[in-house]
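Below is one structure, written out as structure tokens; the observations come after it.
Each chain carries a letter (A, B, C, D and E) given by its place in the written order, and its residues are counted from 1.
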Amino acid sequence: MAMIELVDVTTRFDTTTALEGISLEIEPGESLALIGPNGAGKTTILKILGGLLMPSAGEVRFDGDLARGEVLEKLRLHATMVFQKPVLFGTTVYKNVAYGLRVRGLPENQVSERVLDALGLVQMEDFADRQARNLSGGEQKRVNLAMAIAIDPQILLLDEPTSYLDALGTKIVEGFIQRIREERQTTVVIATHDLFQAVRLTERAAVLEGGQLCQVGPSSQIIREEVEALIFSDQECNVFHGIAKNGTSEGERHLTKIELGEAVTIEALTDTTGEVTVRISPEDIIVSREPVLSSAKNTLRGVIRAIDVDDSIVRLTVDVGIDLVAIITKSSLNLLSMAVGDRVYVTFKASSVRVY
Amino acid sequence: MAMIELVDVTTRFDTTTALEGISLEIEPGESLALIGPNGAGKTTILKILGGLLMPSAGEVRFDGDLARGEVLEKLRLHATMVFQKPVLFGTTVYKNVAYGLRVRGLPENQVSERVLDALGLVQMEDFADRQARNLSGGEQKRVNLAMAIAIDPQILLLDEPTSYLDALGTKIVEGFIQRIREERQTTVVIATHDLFQAVRLTERAAVLEGGQLCQVGPSSQIIREEVEALIFSDQECNVFHGIAKNGTSEGERHLTKIELGEAVTIEALTDTTGEVTVRISPEDIIVSREPVLSSAKNTLRGVIRAIDVDDSIVRLTVDVGIDLVAIITKSSLNLLSMAVGDRVYVTFKASSVRVY
Amino acid sequence: MTVEEEIVSITLRSLTISGFAALLATVIGLPIGLFLGLRQFRGRDHIMVIVRGLMSLPTVALGLLLYLTFSRNGPLGFLQLLYTPLALIIGQAVLVTPIMISITSETVENVSPTIRELSLTLGASERGAAASVFRESLGGVVLAISASFSRAISELGVALMVGGNLQGLTRVLTTSIALETTRGEILLGIGLTIVLLSLMVVFNVLLNSAEKRVRWWLWQ
Amino acid sequence: MTVEEEIVSITLRSLTISGFAALLATVIGLPIGLFLGLRQFRGRDHIMVIVRGLMSLPTVALGLLLYLTFSRNGPLGFLQLLYTPLALIIGQAVLVTPIMISITSETVENVSPTIRELSLTLGASERGAAASVFRESLGGVVLAISASFSRAISELGVALMVGGNLQGLTRVLTTSIALETTRGEILLGIGLTIVLLSLMVVFNVLLNSAEKRVRWWLWQ
Amino acid sequence: YASQIGEKDILTISTTTSLYDTGVLDALKEDYEESHPSVILTFIAAGTGIALEQAKNGDADMILVHAPALEREFMDEGYGVNRKIFAYNFFVIVGPSTDPAQVNQSTPTEALQKIYDYGRNHNTSLWVSRDDKSGTNEKEKALWAAAGMNYTLIHDEPWFVSSGSGMGTTLNIANERGLYTLSDIGTFLKYRAEGLIALESLVRDDKTLLNVYSAIAVNSTRITHARIDLAMDFIKYIISERGQEIIGSYGNETFDSPLFYPAVNVIKTHSPETIADWIEDYAFFNVDGTLYECPVQWRYGDYGIYP
């Protein structure tokens, strides 16, 4: 049974709809990344998962029960959220971290032990007696993390857990998240803009956009697609429609053949079959005079259709049945002395093909 | 003459010393990165530079005059800070952005033009009539950036300008910062934990630690040292030291030869010369049985030293004089039927080499 | 009793009566203020507007209404409270509760709603979260208490009408001041005023330092 | 004049006099409250404690002091203000200014200091920054105005002593209520009280909606 | 501005609350202003003590009071001139209808003695005093003295309640607590008529209960801005037949008995003789063995008000 289940959840604030028809199940012990652009609804989902916000429509279930009344209180007790912006009580760091423990009625000696442990973990043990609100941004975020860590919740909801943190802090926090996942089977949901962090820390990722859930799937795959989509969103080239056919299975990723129009077939790593959109990053394409036997899965023959020189960057359009754009350096162009009409080979790795 | 000059500045808060004996000159039009761990004093320095905080000891000079009284007001008028945590007035987005313009007494038609321009720049033009405090974290940060951008200040003080921002937002903001530097000679001081961002955006970097200035120098050099310190604390791969030599100029980017130890020379796109640190992303490397004549600048011969298979991903370590790690798919491995000891060629583009 | 003893006993009586009144107003008004400050619900604005309107209840009028209520023929006459300190306490509490509620709810409202969320997510009950918000708005609560106590100890109408200014029983500082003034004993009246004001400054000094202690203590 | 006309004219007079008093208190107290709320300086705590202490100035005592001040033999006797509406306005303003200052400074203090910094860094002068903080604490300022006006319109001591309850000149709602009450015209007293309370509820409704407008307007 | 509204002259009159609260002054004001359109009368109603104080401070042009001893003091200090007695009535000793101390029909002196004895014996509160130095309170002190008791001493005894309040509140207290008190007739009748109190008037119409109201103009040689001409004009009006008529008939419709009796004719004609004697006895000032309504040295100007 899912630990937390959102059924067709919609959240409206006066004029805006922050979430629309979100259904999502979170299994005990799993790790989920919430990714999506600013205003996508990540924070809103986290608040709903933490029982801090009631959806305008739809259901939230915790361990199968509708989250309201006592169930809601249980949810709040088991799920702890670390907010995007640091929020602290106007007292000392120690008392901030102790709050969640005292609320749970822990004896004072255990409280102090766990507070110091949690502070130690985020390297803030020397700050115990400082006024929390006078700390620097990163220090505040660390205290917020310590507050959540200290109560050792079953479900940890992290909203950009490493924003404001320095490199070392980020590393410590990421390490800690991995450790509690392994050692205590804590369920972790992380909203982050750092896609690599999402891959590092989670198994599953959900992509939100404009309040809607666009995709849910294994992090590594989803994030890869996202990374590419983002990096090349301003160069709308090498985007094709095609049909993906079931291919060989390699561990969790599938090597799939995709037929693009005009009898061009390429290989890509994807689970998807049927109609797909693919994008091949122009910077990933190697152009050569001779075919290349290499680890790169895709080698296609074609004719140069156009050469656009722009500063030091050259944009080659190669007709391989479809028009592929490759970006090479000016000196490569000179070295290969290519001209429009020349026959060339284009090579790219299967992992360079993004499938949507 | 320095635009802003800190002379032996010390800042104490009741119990803590946030800055100690900081002397720093900021020249008109220059760009400076403030880097350092959490609590190092970055935010504090920015506030002092912006005339928002008076140092407990030491002098702040603006255009040569002691920053107090009218000079202080002038400094505040010319220097605008974007805070680490978004702060907004409790009104609409439009009025937030208009504030700085109205304070300057701009006629209303110009105000509206510039507000909409600034909002457009951070892609928030549709949010003009929303209550600013009800926005998501990233949206708020964007509005804060728009507020500073709108008044087109002479000195822009940015405290983690891209925290909370999504990838696209980050890219836009970074692009904008570069543009105003070039087009309007705006002086920019940026506090950031993203070392690569520091290199991308600034010429000079200052390293703070525990409130003291440890180092000031060219960003690329300073950051390289910082990155190294970080990277070598980790098990990152394909990071090498080398010496970059002046190469051919291609437009604005330079194709530079870099000698890595053991007589290995690679080509990279960089301006830097002298001692550098390079990193070649393992996913960018193509492994082949035969040399490739292609647009890729770097083709090296080597021997496979190790093959680590991890799920569908294979990690090949190839000794080409130095140990290069390449990541390929399992099926590529099978296809090329490579084994430890085999001779192979590795190929990667000049643009795949990151130089610090 | 000498004049000095008399003044001391009147002063102590004033402090006790208005202290209890402020206490009563706090016990009643603070939770209401917290509730109004924390929750958004339909009709909340209406309640706020009425509470604020009640702040302007003149003490003569309140005194009259309470007199009619407590008088032997009144609905609560059987309690025989008229002209007792208890009646005075109740009357002053009624007078200052709207002030208590208004100031508390206003300052509670200004505490960032994230404080409530922070408490909740750390496992506090709704009550615990309200307590956190209360802690954060302690300055406002202290002002509310100060304003309430001030209003109680400085009011005259209720003290006259339901207290009756009975010597040794319900004679308090304000009724004494009024009495000395009508008697033409202006210097004595001014003297009593100075006593009252000094006391209240001292009270606020104590409250101010208590605030720090309480803040500390609330976090224990 | 019929009784109805009389009541209407008394009511209007009450509103005008206490309105001006509240306005005067606002003009004086608001900047002081802003200043005390924004700045940290030595002695600030002392000032706050005294201001809060002054909230408990009984109206009889203030009335007496003002009477002595404005009386022909008093220091300001030459102004010939005694028993004029102006004296009443001044007296009530003195009475409520401490309330104005206390509530304003408390709520201003609770506005995040970053708002001030934000204004300054966007190029506002210190005054402009104070104005921003003021806008952000508008709710508290509105409460301060409401509380001040309420206190002014509901007070009796000053109105009696320096106003003199002169028919057609300084007779206001509270002095009328007091007069009718002592005259045994209890129903009329209660009626006037209801008039006063209804007016004040209406006033607060207006203030409430004005708050929204003002907030909008302040941002123009 | 203070003394003129537009073209009109303002006459400021300090008066005791019990007189003002009856409403008789409003009746006089209405009639007077009708015939004197250029004058506005303003009454400052305060306790006798403060009223005298206000006059001394120069904040009133004349006073209307009912405390002969205090009046004399006021005049002897040189603040008041041209005193005219314009009305009288009687105080009443009121108490619960059960009349525990059996004072009904006694003389005031006997009544107070009975109250004193009963209070002491039963150790219960029995008498409430305004204790506010008002005219009524001054009368009470005189009555206690006449009954052979020292006000300052009995003041602290348990049966003696000090209300320190106005007449209305004091009557309310007496009503609620079942106490005796001394009241002016006006307030008592009004409160009875409104059903606010159920007290009975037990002792009345005795010489010793006489209450005499007088008007005194403020001495304009002492208080230079005092508007003695205006004050004297109003005093002349009060003692005129029309003024006396209004005073005498005030309250006749509401209560069965008048609240005030006109005094001018009684003094002038010395009839009825007993009343005239009582008034002279009680409210005239003894200067060198002669009784004066207003001692000669405090008669100013020629207003023709003294025979």
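Following the convention adopted for this analysis, a residue touches a chain if its C-beta (ideal position, glycine included) is under 8 Å from a C-beta of that chain, and two chains touch if they have at least 3 such contacts.
Model, not experiment: these values are computed from the prediction.
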| item | value |
| --- | --- |
| Shortest contact path, subunit B to subunit C, counted in steps | 2 |
| Smallest number of contact steps required from subunit A to reach subunit E | 2 |
| Centroid spacing, where centroids are CA-atom means, of subunit C and subunit D in whole angstrom | 19 |
| Computed distance of Cα centres, subunit C from subunit A, in Å | 56 |
| Rounded Å distance, subunit C centre to subunit E centre (Cα mean) | 39 |
| Junction residues of subunit A, two or more chains touched | 85 |
| Two or more partner chains touched - positions in subunit C | 161, 178, 181, 186 |
| For subunit E, residues contacting two or more additional chains | 46 |
| Pairs of chains, among all present, that meet the touch criterion | A-B, A-C, B-D, C-D, C-E, D-E |
| Complex contacts: residues of subunit D adjacent to subunit B | 112, 114-115, 117-125, 128, 132, 135-136, 215, 219 |
| Complex contacts: residues of subunit D adjacent to subunit E | 67-68, 71-74, 77, 80-84, 86, 160, 164-169, 179, 181-186 |
| Complex contacts: residues of subunit A adjacent to subunit C | 47, 50-52, 73, 76-77, 79-81, 83, 85, 87-92, 95, 99-100, 103-104, 147-148, 151, 157 |
| Residues of subunit E touching subunit C in the complex | 46-50, 52-53, 131-134, 156, 161-165, 169, 172-173, 175-177 |
| Interface residues, subunit D side, partner subunit C - complex | 45, 48-50, 52-61, 64-65, 68, 99, 102-103, 106-107, 109-111, 137, 139-140, 143, 146-147, 149-151, 153-157, 161, 173-174, 177-178, 181, 186, 189-190, 192-193, 196-198, 200-201, 203-205, 207-208 |
